[in-house]
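Have a look at the structure that comes next, please.
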Amino acid sequence: MAELVQLPEWAATAPTLALVATALVLFLIDSIEPKSDSVSRTTLTGVGLLGSLASLVLSGWFLIAGTGQVDGAVRLFDGSIVVDGMSLFFSFLVASVTALVVLASHDYVEGENHQAEYYSLVFLAATGMSMVASVNSLAAAFVAIELVSLPSYALVAYLKHNRGSVEAGLKYFLIGALSSAIFIYGISLVYGATGAFRFDRIAQAVGTTPVDGVLGLGILMVVGGIAFKTAAVPFHFWAPEAYEGAPAPISGFLSSASKAAGFVLAFRAFTTAFPLDAVSGTFDWALAFMVLAVVTMTLGNFAAATQEKVKRMLAYSSIGHAGYVLIALAAITGTGNDSLVLGAGMMHLLVYGFMNTGAFLFIALAEYWGIGREFEDFNGLAKQAPVACVAMTIFMFSLAGLPVGAGFFSKYFLFWGALGAGLWWLVLIAAANSALSLYYYSRVVKAMWVEEPETPHEIESYPTALYAAVIAAAVVTVLLMPAFGIVSDEAISAADALFIP
Amino acid sequence: MTETPLPDTLSGLLGLGGFGIAGELLAGILASAIVGTFMLLNTALAGPWAKRKITAAFTDRISVNRIGPAGIGTIVVDAVRLLSKELIIPEDADRPAYDIAPLVLASSALLGFAVIPMGNGIQVADPEIGLAYVFAVASIASLGLVMAGYASNNKYSFLGGLRAVAQNLAYEIPLVLTGASVVIFAGSLRMSEIVAAQSGTLFSLGPISVPAWFAFVNPFAFALFFVANLAEVGRNPFDIPEAPTEIVAGYQTEYSSVYFVLFYLGEFIHIFLGGAIIATLFLGGPAGPVLPGIVWFTIKIWAVFFFTQWARSAVPRVRIDQLIQIGWKGMLVLSFANLVLTAVIVGVIA
Amino acid sequence: MSNPWIAIGALALVAVIIPVAMMVVSALLRPRVPELSKRATYESGEVPTGDTRIRFNIQYYMVALLFVVFDIETVLIFPWTVIYNDAVTEVGMMRALVPMLVFIGILVVGLGWAWRNGAVRWVRSPRAQRQKVER
Amino acid sequence: MLIEALLALTLLGAGVVFFAPDEYAGKLAAALSLVPLVGSAWMWLNYEATGNALLGGDLAFETTAEWIDLGPYAIQWHVGLDGVSMPLIVLTTILTTMAIVSAWTPIDERQSQFYGLVLLLEFGLLGVFAALDFFVWFVFWEVVLVPMYFLIAIWGGPRRKYAAIKFFVYTNVASLIMFVGFLTLVFSLGDAITAIDLPQIAQALQVEGAVEPISVFESASQVKLFAFALMFFGFAVKVPVFPVHTWLPDAHVEAPTPVSVLLAGVLLKMGTYALLRFNFTMLPDVAADLAEIIAIVAVLSVIYGAMLALAQQDLKRIVAYSSISSMGYVILGLVAYTTHGVGGATFQMISHGFISGLMFMVVGVIYNETHTRMVGDMSGMADRMPWTVGIFVAAAFGYMGLPLMSGFAAEVLVFLGSFGSETIAWAPIYTGAAMFGIVIVAGYLLWAMQRTLFGEFSLSTDYEVGRAPLHDVAPLVVLLACVIVLGVNPDIFYGMIQEAVNPILENAPDVGGGL
Amino acid sequence: MIDVQWYLLLSAGLFCIGLFGVLTRRNALIFLMSVELMLNAANINLIAFSQRFGHVDGQVFALFGMALAAAEVAIGLGIILVLYRNFGDIDVTAPTTMRW
C-alpha cells in the first residue's frame, strides 16, 4: 500500500472511534441545548447520520485498502484489540445499520422526550458493537458486550410511558444481567484454567496443558453469554418481548446489529481461542452448536408461524435466523471448507442487517401511521403505500430466501457450507424451516397485496426520513444481489485470515 | 525509613512470634487496644470537652467548669448519665437495622485508624493499599447513617439519612480524586510511604526550611481535600444531615441512651479520623522537629479539629440544593482539574 | 513482617467490642419503664402522620446514580495514579497521560451532560420558573 | 450478450409496466413483450450450435463472466443456448405475448401490476432456460415463484390464497431438497471442478471414479443415489409427477386463465427440463438403475392424471389433470434413453406447451363469455361462438395426438422411443399402459366437448352470450398455427433437439439404446 | 497461603446463591442483588486466580467487572423505576401483557 501519509496504527480503529465521537458530540449538543425541539431533532439526525456514514466510509475504505488484511492484522493494546478483515466487515455492517436506524428514528421519535439521549445511546451501543468486532481478548469482549447491552436496555425501555416498552426493557434487562453474570463467571473459569484472557494466549495454553472440567464449564458459560446476544436458545426468551415492545427502529437495530456483534465474538472466540481440535476433548462445541442451531431455528420458525402480530413474528423469525447463522459455527470441521462456511455466516449477517432492519423500519412506519399490529391490520396497505409495500415485500421474500434480495445468496451459501461439511441432515432440517418461514413471511405480503381491508387505511403523511430509510434498505438488499461477489470476497478472505494461526 | 508496625514490635517484645496466627492475632489485639484507647481518650473525652469550650469561646460564654479540672469531668459524667438513660425504641422500628446502625458508625470510624502511622511506630498495620482502605472504611459510616434514618420509622430521620447519603456521595468523589492527586506524588498507596514521600525539604527561607508536605507542594489539593473532608464528616457548613432547625436532629432523632452516645462518639471519631487522614496525606504525618512523632501527630489532628470547630461557629450552614451544587458542579470539576494539573506538572518535572 | 490484615482484623474486633461493651454496660444500668405513648415517633409532639415510607425527591436517586458511575471511575483512576510516576519515566509523558486525559474527558462530557440536563439541579419549581419569565 | 440484453429488457419492461397507469398497461405490456419475442425469434433464426450444452457442445450466444468466488468453488455468470433450451425460449416468449393479449378481457383490476408480474415471470423463465451455472440457474428457478405467487393470489378464483400459498411452499420445499441433493453431489466431486458450472460438473461426472464419498456415505454410488433421489424429488414436484402433484389442480383452477396458460405451458416444463439437464444428463447410470421405478412413476402419472380428469366436471380442471398425464409421457420418454425417447420427450415439452396453453386459453375465452366452466352448465356453444369452438376442437384433437398436429409427432416419438428402450425391462408393457392413458383422455375430452359445444344451445344467463372479441380469438389462432406448423414440420425444432440430445446417449454407452 | 480451591468453592457458593435468588425471587430488586452476587462471585475467582498466576490481569479485569456491574445497576434501577411507575409494582412477573 503506497499511501501518501502513513497513518498511525490506532487509526485502524477509526470506524469505531467515529461512532464513539458521534455519541460524545451528541451529548455535547444536548448539553448545550437540552430542550430539544424539531430543529435540534434535525441537527441530531444530521450529526448522527454524518457520524454513522463516516464510520461506514472509513470501514469500507479500510476494507478496500486492505488495512489489517494485507500485512496481517493490526494489533493494539497488547493484542487485546485486533483490526482485520472480519472486524472491518462487521464495523461496516454496524455502521450501515446504525445509519438506517438513525435516519428512520428522525420521524419515529417525534414528540418523545430525551431525543438526544436516544441518539447518543444508539451510538454508544453501536460503538460497542463495532468494538466487539475487533476484540481479541475475553476481557475486552466482556467490556464491549456490556457496552452494547447497557444502552440497549435503556433504548428498549425508551418509551417510558408505554407499558409494552417498559415490560420489554425489564425482560431484556433481567435476562441480560443474568447472562452477563454467567458470561463473566465463564470468563473467570477460563482464566482460571488457562491464565490468560487474550484469545491467542488461551489457545496456546489450551494447546499445551491438558484441558479439564473447569475449562469446559467456562466455555459452556461463555457460550451462554454469547447465546444471549445472538438470541439463540437457551437465552432467547427475551427476544420476542424485547423486539415487540421496543421502539421499532431499536428492534431492528438490536435484532440485526446486536445479533451480528454476538456472532462476530463467537466466530473469533471459537476459531482463535478455542480451536476445535484442541478443546474437542472437553467440550465439542461444533456438536453443541449443531444442536443449538437445530433447536434455535426450529423453535424460532415454529413460534413465528403461530404469531398473530407482525412485529412478534419478526422477532421470532429473528431467532430462527440466529439458528441459521449458528450453522456457520456448527459446520466448522477443520477442513478447507471452514472459511467458506464462516464467510457465509458473515454474509448472512450483513445481508440480514439490511433486510431485517428494513423490515422493522417498515413496522416503524406502520406504527407511525397508527396501523394495528396484527396481520389483518396490514390488509390492503399496498393501495395506499405501494412503494413501501414493495420494499417490505422485498424484505420478506429476501428473509424467506427467495432471490428478490441478497438474502437468497447468503442463506443458500450457508446451506452450501454446511453441505460442504457433510451436514446434509442439518441442511434438510434448515430447509424445512426455510419453507415454513416462507409461509409466515408470505402472510405479511399476502395481507398487504392480496387482502382487502375492512376499513380503508387513512394515511395522512408520508414521513420522509423513515421512507428514505426503508427504501435505502430495500435498494441495498436488492443491489447486493449482483454485487454479491464483493461481499463474498471480503467475507471469505476475512474468514480465511482467522484460520491462519 | 518505614517503621515496624506496632503488633510486630509487641510480638517481638512479648515473644509471641512462635505462636503463628494466634500470636499475630494476640499482638494485633494488644496493639489495637493501645491505639484504640489513645484515640478514645482524644475523641471521647478531650474532643467533646474542647468542642464545648471552643463554642463557648466563640459565643463569649462560660462552658463546663464544675467537675474536674476545667470541667473535663463533666464529659465523663455526661457519658455515664446518658448510658443509664432509658432506651426508647420507636414504634415499628426496623429492629436489627435500628440496633446495628450506631454500631456501624462507631466501628467504621475506629477501623480507619488501623493504617494511620502515628509516629514512634504506633501503627496497627501498614498494608499496601492503606489509602484505599481508609477511604473505604470511612465511607461505611454513611451506611450506618442511612440505616439509622430508615430504621427509625420517622420522616425526619429518613430525610436525614437521605441527606447524609446525598452529601457523602457528592463529596466522596472529590475527596478521593484529590487523594489520588497525592498518590501521583507519592507513587504508592501505603500510608508509611506517603508519609515518607513528604520527608524532604521543599525549599528553604534562610534558616527556616519548609518541609515537602503535600499541603505546601499542592496547596490547592489541600484546600479541596479539607473542604471535602468537612462535608464527609458532616460538620458545618455541611451539617445538613442533622440540621436541627430543619429536620429535628436528622437520622439520630429517635435515638437515645447508649445509642445516642455511640452516634455522638462515632461522629467525633470521624472528625478525628478525617484529621488523621489530612495529617498523613498533607501534613507530613508524625513528622516534626524536636518532639516525638506521636506528639506532632496529635498536634496536627487537633489543629484540624480546631479548624473544624471554628468552621462550626463561623460559617453558616448551606442549603441542601447548594450543597449538591457545590459538590457536583464545583468540587468535582475542581478535583478533576486538580488531578489533571497535578499529573501534567508531575509529568513535566519527571 | 506479619500479615497486616491479621492486625487489621484484630482492630476490627476491638472496634466492635468497644461499642458492644458500652451497650452491655448501658443495658445493665438503664431503667425500663414501658409506656405506649412515648414510643410514638417524634414529630414535634404532634400525633405522627405517616411513617418513613414517604415520597422523596427524585434528585436523591439521580445523585446516587451519578455517584455510582463516578465512584467506580475513581477505582479505575487509582491504579493509574500509583504507577504514573514510573510510567512517565518509562514510556514518556504522552503515553502515560493522554489515555487518562481521554478517560477523564469522557467523564467530564458525561458530567456536563448531567449538569445541563438537571441531574443535580435540586429545586425545580415550575411556578417560580413561570414568574421568572413573566417578570 | 444477446441473452443478457433480452433478460435486461424484459426486467426493465416489467418495471416500467408495474408502475404504468392501468388504462394502457395491457397494451404496453403486449408491446414490450414483443421485444423478447422478436429477440428470441432472431436468435432462433441465427442459431448455430451443435451438441449438448452440458456435454461439451458448441453453444449459441454463450457468455461467461466471473461473479462470486466462494473459495473452493466459483459462481460464474454463464448463459448459453443449445438445442434443448432454444425451443423452450421461443415457446416462452410466444406464450407470454399471447397470454398477455388474452388477459386483456378477463383482467380488469390492478392491471399494471398484473402485466408487470407477467413480464417478471417471463424474465425468470428465460433465465431458467438460458442459465448454465447452477447458482444462476437456481436464482431464476426461484425468481419464478415470486410473480407466480402474486398472480395466483391476487387475480385468482375463490380459493386463490390457499392455492397460491400451497404452490409457493410446495415448490419451495422441493427446490430446497433438490439443492441439498445437488450440492452433495458437487462436494463429492472434490477438486475435480473449480466452479459449479453445469457443463463442468456434468463433464466431471462422466469421468470414472470422480465421485468421492463424503459425510456419512460409504461409496460413490450411495452419494449418486442420494443426490439423484433428492434431485428427482425436487423436480418431480415441479413437473408434477403422481404422488406430489396435489398443488397443481388447485393452482390451475384458481389461477386466472392467462396465468394458467403460462403455468401449464412453461412452468411445468421447468421441471422436465431440469430433470433432463440434471438427473438424466449428469447421472445416467443411476437413472438407468432406477429406470424401472421411474417408469412406473411415469406411467402412474399418466394413468392417474387421466383418471382424475375423468372425474372432473370443470373444463379447466380436466385440462389441468390431463397435463399431469402429459408430463408422464415426458418422463417416460426421458427414462427410455433412446434417441427418440429423449428427443421426443423434449419435443413433447414444446408441443404440450403450445397445446395446453391453447386449451386453457380456449376454456378461458369461453369462460369470459359464459362465466362458467362446468360441463353440465352449458351446451351448444358452437352456435354462439363458432370460431372459438372450432379452435377448441382443433386443440383437443391436437391433445389427443391427431396427425398434422404437434401432439401427434411428440407422442409418436415418445412411444417409439420408450417401446424400444433397453433401460426399462418391460418397456412395451409400460408404453402400452401409457398409451391407454391417451385413450382415456381422448375419450373423456370428446365426451366433454360433445356435451358442451354441440347440440342445443342452453345456458342460463341474464345476458346474451355473443362472440368473443377479436383480441381474444387472435392468440388462439396464433397458437393453433404454431401447433399445426410444428405438427406438419416437426423438424423446425426436432433437428436441433436431436443434435443436443444425442450426446447424452453417447455419453452413457452402457445404457444408451438404439432407436 | 490459602489454596485456590477454597476461593473457587466460595465463589461457586456465591454464584449458586445468586442463581437461586434469580430463579426463585420475583422482586426486581432482589433479582438485581442476586445478579450482583453472581458478578462478585466471578470477581472473587478472577482475583484468586490472578494471585495464583502471579500477574495482575485478573485483578484489573475484576475492576472492569465492578465498573460494569455498577453501570448495570444504574440502568437496572432506572428500568425498575419506570416499571413501578407503569405497573405500580416491582414484581417481575407482574408485567405479562405484551400489549399496546
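Here are a few things to note about the model shown:
The first chain written gets the first letter, and so on, giving A, B, C, D and E; residue counts start at 1 in each chain.
The rule we apply is simple: a contact is a pair of C-beta atoms (placed from the backbone, for glycine too) under 8 Å apart; a residue touches a chain by one contact, two chains touch by 3 or more.
Since the model is a prediction, treat every value here as computed from it, not as a measurement.
The minimal number of chain-to-chain contact steps leading from subunit A to subunit D is 1. Shared contact partners of subunit B and subunit C: not a single chain qualifies.
With contact taken as defined at the outset, subunit D and subunit E are each touched by A.
Geometrically, the chain at the heart of the complex, using CA-atom means, is A. The chain pair sharing the most C-beta contacts is B-C. For subunit E, the chain whose average C-alpha position is most distant is D. Chain centre most remote from that of subunit A: B (centre = mean of CA atoms).
For the pair subunit A and subunit B, the distance between mean C-alpha positions equals 52 Å. The distance from the centre of subunit A to the centre of subunit C, each centre being the mean of the chain's C-alpha atoms, comes to 39 Å. Chain geometry summary: the mean Cα position of subunit B and that of subunit E are 32 Å apart. Averaged C-alpha coordinates put the centre of subunit C at 21 Å from the centre of subunit E.
Residue positions of subunit A touching 2 or more other chains: there are none.
Annotation for subunit B: no residues touch 2 or more other chains. Shown for subunit C are the residues in touch with two or more other chains, namely 71, 115.
Annotation, chain-chain contacts: A-C, A-D, A-E, B-C, C-E (touch as defined at the top).
Residues 4-8, 11, 21, 24-25, 27-29, 31-33, 35-36, 40, 83-92, 102-103, 106-108, 110-111, 113-115, 124-127, 132-133, 149-150, 152-159, 162, 165-166, 169-170, 172-173, 176-177, 180-181, 183-185, 187-189, 248, 253-254, 257-258, 261-262, 265, 320-321, 324-325, 328-329, 332-333, 336, 339-340, 343-344, 346-348, 350 of subunit B are the ones that touch subunit C when the two sit in their complex. For subunit A in complex with subunit C, the residues that touch the partner chain are 24, 27-28, 30-32, 34. Subunit E makes touch with subunit A in their complex at residues 4, 8, 11, 15, 18, 22, 28, 31-32, 35, 38-39, 41-43, 45-46, 48-50, 53, 55, 57-58, 60-61, 64-65, 68, 71-72, 75-76, 78-80, 82-83, 85-87, 92, 95-100.
Residues 336-337, 339-340, 343, 397, 401-404, 408-409, 412-413, 415-416, 419-420, 422-424, 427-428, 431-432, 434-435, 438-439, 442, 446, 449-450, 481, 484-485, 488-489, 492, 496 of subunit A are the ones touching subunit D in the complex. Across the complex, subunit C is touched by residues 60, 63-64, 66-67, 70-71, 73-74, 77-78, 81 of subunit E.
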